[in-house]
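Have a look at the structure that comes next, please.
Here the chain labels run A, B, C and D in written order, and each chain numbers its own residues starting at 1.
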């Protein structure tokens, strides 16, 4: 069963609220968990994910940090080495550029490089993606950078239930986790279990079963894939959708299993296609899945340009249903 | 002809000396070119690439910068917008983590985001790679990060002639260029033309012609490929080697042409295999080159771990001839 | 116009008032255009802070450069950005100063020495210092002005910038618009030092001023800019300002004490200048006429922007590299 | 040993001398082992700078934490790192403190509160401040010490660290080993301010001392550490030291004035302490015996390290994640 967390007694919840609940539950479960970020305490976070947590947990555990990303993430490394479990928020993924040393040279390497003397259990939450006409410096999807770095874990949920389950798992995980949240999802409602549980990192979810073609995707584009798959079902095209959920490690077995069934593969994501997450999925399948392939592997991602500001440009920027349909047509027609 | 710059009158030159000569020639040719870096002026650079340039060009154009990478690259952006052509050195590629905002949010985007009001002609030189037992924070190959960013150009030469020609082209280029130098190459000697010229960015070089199998690679691993190809030639295995030279843009046509000849592809690089440069090459060929493929595409790169310090560990870290031979065997035997 | 009988200070004030009022009216229009959905994305208004760019740019030429912030409309307009191209950019049109690719957070106009707004807090500061380096190499006596907010002071790159500017004697005037807030957080919760002490650390001239009085501010800025030009020593000018709107348009400002919100009226450099002009004998009718002219200019600019084409995607895609 | 008749200061000095001498002898051995190829990679010796870690750690417990630099052998040894595991690490052996994965630039020993050396200049500073935050949350009165060189002062993250430590009253003592050089560049070409002024900016206690006299330094460090523990206000201690060797082993030091190199003898905290001990009546024979014991310890440690296994690749590969 691919969705163990969705039981019969479900309500619906917004993605952002699910994250809020996960943070609250994690903090109640373990008093070593604390939060740092810009405007996360008094203001509840720019997207409201940390709303009301200050009231319950106080300034000691919900900390507004000055606008100083580099030291913030490094402080989290130090606190993690000291036995705490910091969850830091970088307000937009684009600002992770300011904290790359902390993440890549320090957090990712400490466990290995110091000979396994102690883990660095920190979670870095950050929103990626466009759609808000926020322009080139507030819309980037940089997850491929982190997936390239041994020692980091990268996760990106597509719905409220997964957001909760993966964030709980990320906080429980002894390793540094980059937890990527798509901005367009924050206010999206989806089913939420009565008794939500952590979801194992590294396991994909079959968002839709199908036999003709596999779309591997994650985050917000899962919904694009679902929408297109639904439309194409009317034309008797039966699409399987794999929601990766974790990007590092990613579920090679799930993708290969699906490919072995459908023999056709599209990798879809909002990030720039070139050198993006999809490149690794495709490259890996062109190796271990070669014998299963009946057609080229097609990637659908953002074009090779910064995310533009204007409504007209961002609307065409993609990835969108048209591009996805073109890819499907190329594989099946 | 793939090596227009190598004429009959060649001498040999060290890779580092070729870079030094390129910097000097560029500064003589255009007085808007100036250099900034840590210990590059008085000390001539940690690997000697900027040796003696201070003597010729003075402090105005050869500038020792404090240990402050973030502002250094940002200053270069500002100076480039002001009509200069800064060439900055980041002492080890691992320290680029401190200058990612400058490179990715500023340099890469300014031309596009400001509506083409003016380019940002800066070059960032930086050494990558292991082999010096310099450990996890002084050995990384992070070029895939930069190749993922629209607006950046990424170049990585494998020999003295290319080092010269590509660096001249990088300095001439109006866009920000990340110029990657493999540490192990600095002291390597190779042929050098009497009258060296800029080499077009984006064009690969066929380092060896062959018919059975294509190895696509760049930087120091070109030599690994050559060495193995030579050995395998004795077994009548005829390997073609494509030296990419440019990673963004990369020469898709050259790779596809070679694949169309050999029908078998290995992508080899020193960087971490997962989500590395090779992923994009393989993914692209699994799409546009699918019909040419007679076998899986195999990547040979570093394992998914930080570069370890000890001699014993780094020796096994790879990529090495054994791993490359295993890949060749998988494709041909 | 009977300007001949007027004193120099009054003429000066009238010019500064005009610049400020124009910024104010443009931003009021932006507020409305944002509210009705004509402008997408995020916009950060500088209503209440107009005196700073008005006073600073009064002493700059087009060869001097400024790097502006996310709250930079006033900084851009004062520096001379073309209003048509500015408004078209806000609406994401092809005729926008950035061809619709940047929007409010990335307006730039190299023709008037405006290096570009930045969506990265403190991001423009070291770029402006790099521009100052270019000025130094040029040797033409130009200077660079990095504008920044109080929130930017916590970013490491600001401190690196102070150091190198001082170390290399780079001609730049660091101008802080201190509005007491960084988004929804008070400055005092963000930085434990002060610009004054930082200036002492880096051996720079430092001045603090309440920016309510634009004429006083202009005098001070003029002196400082002259000194920066002459000595090529960097300096810091801290301006106390009041942000009248939210951090971004649409911000309900729940975090802000009601008392503070009630006092905004007394913290307005535009009405402060208006009162001084009336006291100096400028007839109300003249100021009303000035306002009318500005509004007419804005009306026309808004109309052309609304009528302008949307950018072509292919053209944008072709503009990633030079 | 006739220690009973000795004054407390003499006993103290003897202890500090022992720590310093042990560092010195270990590093001399490292130098030789590097020269003969037994130790690979880069190593940065702290010969001439031993008094700082000796004095600082004298006042720390294993629960206090230190983040050390690339020039951190002395800082590590003084904090109590196991010599066998230390030397094995330098030789890249499986029994090394980091299992041979880190080497000189990444030695760490969490069991004695040593957070880890850093190959990134200034990299350890904010991590130590994060450790101080953990101490504050723990409420046990422990403190954190970020060591750093004069070159690190130009890095932005250092300034961010000062700010947050001051803002949040974090218990840490920033200890600068100012040897006048950052690699091959003089400090004065790198930073235009001073630690003293920075301390004033962030309202921290600041003290400067010539680290030649380890006893004086220890007194001062003791007072400061006590104050940090008690008040939880961060403070800065700047120690003037002299780097006797090159930036890294093998550095020919052509950039260094001959005069400076000729004066190293007078800038040696180890021989300075030796002379004071002799003056205080400690017999030469006792100090010779101490040296012999230290050398014997080192001999044994080197021998075990040389005999130790090389690490297994598979085991390293399995150690990337916890």
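The criterion applied here is as follows: a residue touches a chain if its C-beta (ideal position, glycine included) is under 8 Å from a C-beta of that chain, and two chains touch if they have at least 3 such contacts.
It should be emphasised that the depicted structure is a prediction, and the values quoted were computed from it without experimental measurement.
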item	value
Mutual neighbours - chains that touch chain A and chain C alike	B, D
Farthest chain relative to chain C (centres taken as mean CA coordinates)	D
Chain B and chain C, separation of their C-alpha mean positions in angstrom	41
Whole-Å gap separating chain A and chain B, where each centre is the average of the chain's CA atoms	31
Gap in Å, rounded to a whole number, between the CA centres of chain D and chain C	48
Inter-chain centre distance, chain B versus chain D - centres from mean C-alpha coordinates, in Å	37
Multi-partner residues of chain C (at least 2 other chains)	96, 98, 100-102, 106, 118-120, 123, 154-157, 160, 163, 167, 189-191, 316, 319-320
Residue numbers of chain B (touch at least two other chains)	66, 68, 70-71, 94-95, 98, 101, 105, 112-113, 135-137, 150-151, 304-306
Arrangement of touching chains [line / ring / star / complete / other]	complete
Residues on chain D engaged by chain B in the complex (per definition of touch)	40-42, 91-93, 96, 98, 100-103, 105-106, 118-123, 151-152, 154-156, 182-185, 189-191, 255, 310-311, 313, 316-317, 319-320
Chain A residues touching chain D - in the complex, by the definition given at the top	34, 60, 65-66, 68, 70-71, 74-84, 101-102, 105-106, 110-121, 150-151, 153, 174-175
Partner chain C, residues of chain A touching it in the complex	38-39, 42-43, 46, 64, 66-68, 70-71, 94-95, 98, 132-138, 303-306, 308-313, 316-317
Residue ranges of chain A touching chain B (in the complex, touch as defined)	70, 94-98, 100-101, 103-105, 108-109, 112-113, 135-137, 140, 142, 144-145, 147-151, 248, 272, 274-283, 285-288, 290-291, 293, 295-299, 304-306, 308
Chain D residues within the chain A interface of the complex	65, 67, 89, 96-102, 106, 108-111, 115-116, 118-120, 123, 125-135, 137-138, 144, 156-157, 160-161, 163-164, 167, 316, 319-322
